[in-house]
C-alpha cells in the first residue's frame, strides 16, 4: 500500500448504501418511491403520533406540529412545522428517520408520505385531497419558504459579527440597575436545597459542611 | 486583608505542631525524649515485627532488614538497613512513622528506640548492650555512612547528565542483535491470555473480537 | 444511596482527628492497590454531578444534563461530567457492529469498521463543545440559579481521531463538486447536520478518543464528529454516515431547530460559529460568601469558536469599570481558557462580570446589545456577558443589568 | 462480572445489524439523559483498566497498578486509569477532617483546612508524573510483556492547586535560612521526601484538582504535592505537613529506597530529575499485526523532567537508521508529548525504537549506554530506548538489542 492508500475500509455496495441513504434534500433528491394521501395520513397519525402530538398536532406536551402561521414576527411567535418550516421535504426526512419517537424508522415510505401530507394539511398548507409523492412534495410551497436567510458573519471563522462591543475600561455606564432576577422562593421550590449542588469545600462557607461516613 | 494577606489558615499552636512534628534529621534534630536497649528491642521486635521480617530480620517475604554488609560493590548486592543505610536516625524516623505495617505510629518513643537498637544489632552495627537515645543514636556510624554522594546532573533541571547519546541518523550500528527477550511460554503462564489487556478494536487483529452483550 | 453531604454550620470536626492527634487513616492500612481497576471519585465528591434542569424538557430522552461548572477546575472536563444532550436517549452501541459509511460525490464509497478507523493516522486536539442553546434560558430574564444551569452545556476535552480530510481523501472525494457534507448519527434520532466543505477539510475530526480513553457513551461511543468551534449539534454522535454533496441539506436540526428567529420574523440559518464567550464560575449563582474583607479569587472560563482567547476583563461594579484578568496557559484555539483575578470582598454588594476578547478582536457583547440585534426569541447563540450579584448577606444571584 | 471480551476470529458480525440493515440502537429509544449523573465508560471498554504485575510485590498495600498505555490516546490520562502506587494502601480521607500544617523556619506556623486551600489563588498545569522505578523491570533484561508493565508507572493530567510559594509566603518563610522543605503524607506510611527550596519556589504545587475534578483517592485526595519533572515519590499524596528547614532529611524514601546503587557500590542520592524518555505505545508488546503490507501508524509518548520535548526520532531496524516523527501540539514543559510516524509493515521482521531529545539538547540513551554508567542494580531512572520486535508472524515482543 502506498503512503496515501492505507488499505483500510471496504467498498460499499449500492445495496448497502441504499439501506442507509435516507436523507432528503430541499430539492427532493433522496425521496423514495411511494405515495400517501391526507386521508391515509390521518389514520397513521391517529395510530402512531396523536398520543404525543395531539389529534390535530396542537398538543404542546412534546412539540406542537401545526398552527402559528404568520405569528413569527409578533411578540408571541409560535414556531411549528406549519409556521416555521421552509421545505416540506424536510418534514418527510425527519419523520422518516426520527419518528415515531419510541421506534423510529418503522414507517414505510408510503406511510411517511401519507403522514407528511396529513401534518401539512393540519396547517392548511395542502388541501384535503393532496397526495404526497416524489414529484408533488418538493413542489409544496411552505408559508415560511422565504423566511430563511444566511448571515455570513456566523458561517465563517473570520466573518463579521452583528454585535460590536468595545473594551471600555473606565466609567462605561452612568448607572447600573438590576433589571432581572429570579423571584424569591423560586429556587427552593424548584431545586430544593441548592447547596447540595456544590462541593461543600468550596461553597465558601466558613464552617465546612460535614460528610457522613460511607 | 491586603493583597498578600489572604486571611486564610489559622495559627498552629506548639502543642498541635508537637503532635505531628515527628521527622528526624541525620544530625538527630527531631529525636524525642526516651530510650531503649537491644534487649528491650528484641522483645518488641519478636512481638511486632518478626512475623513479617523474621526473628533475625532476614526474611525476604517483605523486606530484609539485616545482612549484606560489604556486598554493595559485588555482583550480588544485598541492600538492607545494615548494609545500605547511611544514618541510624533514619531508621528511627521510618519505624516511628511507618511500622508496624498494619498499624503505624503505634509504638512509644521508648519502644522505637529499643527496636531501632535491636535492628542495628542484627547487623552487628551496635553491641548487645547498646542503649539508643537522643544522644547515642546520632553517633552510631553506619557501615555505609560514606557510601552516598550527590550527582548534580540529576539535581538540577539544567544539570549535566551522565549519558551522552547522539542523534545519529544513518548507519548507526554495524549489526543489531537481539540480546534479551522473554522466554517462550512465560507470558501465558504468568498473565494468562494477554490479549485481554488490549482494547479489542486496536489489538490489530483484522477480525474484531466479539463482545458479549451486557 | 448515600446521604446528602451536610451543610455549613452542621459539622463540628472531632478533635481526635485533628493535630496534634491522628486520624484513623494515618495509622490504619489503606485499601489495597488495584482495589478499583477503573477508579471512581471519592464518595465525598458525590455532589459533583451532572444535573437536569427541573421542568426544562418533557421527556428525558430528548433533554440535557448540565456539567457542574461551579465545581470545575482548569479547562479539562472530566469524562464523567461532560454535559449530556440527546435527542432519542443515549445509544449504547456494540463497537464491533458499528459501521461508518462514506459516500456521495466520491470515487469509491466505503464502509469502515472501528478497527479501520483506529488504524488511520490520528491526531489529538483540545477543544470545547458548546451546545448552541447554552445559556438560552437567560435570553429574556434570569431563569435558572447556578452556573451549572446557565452555562453548563459546555465541556472541553482532548479529542483523538482521524481528520475528516483523511477519510475524504481515502474515498477520493470530488474536489471540484463537493461543497457540503452531511453527517448522520446511528441513534434513534438519526440526527443529521450539514457541514461546509471548508470546515471539513480544515479541522474536523472523526473522533473516538476523549481524554485518553474511548468516547463515553454519552458523548457518542464509539465515534462522533468533532467540529471545533461550531454549535454542539454539528458534532454528530454515534456517527454512522458521511455523505459528500453540493448543496446544503436543510435538515430538521438546522431549520425547525438550531436556527435563529429574528425580531422581524425571519430566520437566520446555518449560524455555525459559537462566538467568544466567558463566564465567572466562582463566585457564581447560589454560592455564599461569609468572609467579609476576605479574599475571593474570581475564576472563570472563556472560549471562542473563532480561535484563541486574547484577553478577559472583569468588573465588580456591573460593568462601569473593568480590569484585566490573568489567562492560564496554554491558551489554545477553540478550547476553554481559564482566567483568574484577585478580589477582596469588602462586604458590600457587588455585581461581578467577565468580558472576553478573541484573537479576531471580537468583544463579547452585553445582553442588551445582543437583544437589540437578536430580540428575545432567538434562542441560540446567547454569548452575552453574565452578571452575578453579591448581595448584602454575601449570597450570590443570577441577575441581569 | 462481565465475560471477557472475546478474541480475533471468534466473532462473526450479525448481518442484520450491518448496512443496509439497522442495528437495534438505530430504532429503539436510548437510555434517558441523566441515567448516570457521574458517567462511566462503555462496558465494551472493560479491558482498559489498571493492572498489577503478577508476583511483582508481596503485599497489595505496598504495590503498584500500571496505567494501560497500550490503549491510551493523546496525552491526558483519564482519571480512572492514572497509575496507582501506594506504600500503605490507599487512604480514604474525609476532606473536612483533613489538615495541612506548614511550619519550621517560618514566621507564623499555620494549619489550613481544605476550604482554606481552595480559596487561595490557584493555577492549573498539565504535567506528567512518573515513578522513579518505572521501567525498572527492564534494567537487566526484558521481564514483562506489554507497555503497560514496561512503562505504565506514568500518567499525565491537568493539575490544579496553590503554588507552594504562595503558602510559603503566607507563613512568612525565612528566605535567608530556608534551603529545603520536607513534605509528609497523612496515610499509614507517613511518607516523607526532601524538596530543595529552588524547586519549591519554582513550579511546585499544592494540588487538589485532577483533570477538572478533585484528586482521585488513588492520587491523594484531597490534596497532594505536585513536583513537576521529579520522581513520582516526591509528589507526596494525602499531604498533611510541610516543614521548612536548612538541611536535607535523608528520609527512608531517599536513602534505603529511591537512591541509585552504582557499579562501584556507592549510592547516588537525591537524584530528583526524571530525564527525557520516550516509548512507542503502538505497535507494542503482545500486539499482533496481521495486515502484511498494511499501514500501522507508529504512535508513542515522550516526556522530560527538564522541560519540553524538542524532537522524537524513530527506527524500524533496531537503531541502525532513524527518521523524525511528528509531535502533536501543544508541546508543554514537563508534560507528555504524543508523537506519530507513518509506517507500512511489509511483513518482514522489524525492530521498532523511539529516541527523544529535550529542549536542553539531551538525547535519550540506549540501554547499553545506561548500563555502562549505572550498572544493572540501580534500579531507578531507566529512561533507555525501548525496542519492540515485530516477528515473522507479526507478533510484537519486548526485546533488547
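Here the chain labels run A, B, C and D in written order, and each chain numbers its own residues starting at 1.
Operating definition for what follows: a residue touches a chain if its C-beta (ideal position, glycine included) is under 8 Å from a C-beta of that chain, and two chains touch if they have at least 3 such contacts.
Just so you know, these numbers come straight off a predicted model, no measurement behind them.
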Quick one: remove chain D in your head and tell me the pieces the remaining chains form.
one piece
Pair of chains joined by more contacts [C-beta pairs], B-D or A-D
B-D
Please work out the Cα centroid separation of chain A and chain D, and write it as a whole number of Å.
45
Could you work out how far the Cα centre of chain A sits from that of chain B, in whole Å?
62
If you average the Cα atoms of chain B and of chain D to get two centres, how far apart are those centres in Å?
20
Per the centroid of Cα atoms for each chain, what is the distance between chain C and chain D, given in Å?
27
Could you list which residues of chain A touch at least two other chains?
6, 8, 12, 16-17, 20, 101, 103-105, 199-200, 202, 204-206, 208-211
Find every residue in chain C that makes contact with two or more other chains and list them.
11, 13, 18-19, 26-29, 44-45, 48, 51, 61-62, 71, 88, 94-96, 101, 111, 113, 119-120, 188, 190, 214, 222, 240, 291, 294-296, 342
Once you've mapped the touching chain pairs, tell me: line, ring, star, complete or other?
other
Output every touching chain pair, sorted by label.
A-C, A-D, B-C, B-D, C-D
In the complex, go through chain B and note every residue touching chain C.
1, 3, 6-8, 12, 15-20, 101-106, 199-202, 204-206, 208-211, 213
Note: in the complex, chain A contacts chain C through residues 4, 6, 8-12, 16-17, 20-23, 25-27, 61-62, 72-74, 77, 79, 81, 84-87, 89-90, 93-94, 97-98, 101, 103-105, 144, 147-151, 153-159, 161-173, 176-182, 187, 190-191, 193-200, 202-212, 214
Chain C contacts chain D in the complex at 11, 13-14, 17-19, 23, 25-42, 44-46, 48-52, 60-65, 71-82, 84-86, 88-99, 101, 111, 119-124, 126, 157-160, 186-188, 190, 208-209, 211-214, 216-218, 221-222, 238, 240, 294-297, 299, 328, 330, 332, 338, 340, 342
Complex contact set, residues of chain C against chain B:
18-22, 26-29, 94-96, 113-115, 118-119, 214, 222, 291, 293-295, 342, 344
For a test of understanding, state which residues of chain C touch chain A in their complex under the given definition.
2-11, 13, 43-45, 47-48, 51, 54-55, 58-59, 61-62, 68, 70-71, 87-88, 101-103, 108-113, 116, 119-120, 140-146, 148, 169-171, 182, 184, 188-192, 196, 198, 229, 240-241, 243, 245, 247, 249-252, 255-256, 259-261, 263-273, 275, 282-283, 286-291, 296, 305-307, 311, 313, 317-323, 351, 355, 357, 360, 362-366, 369-370, 373-374, 377, 381, 389, 397-401
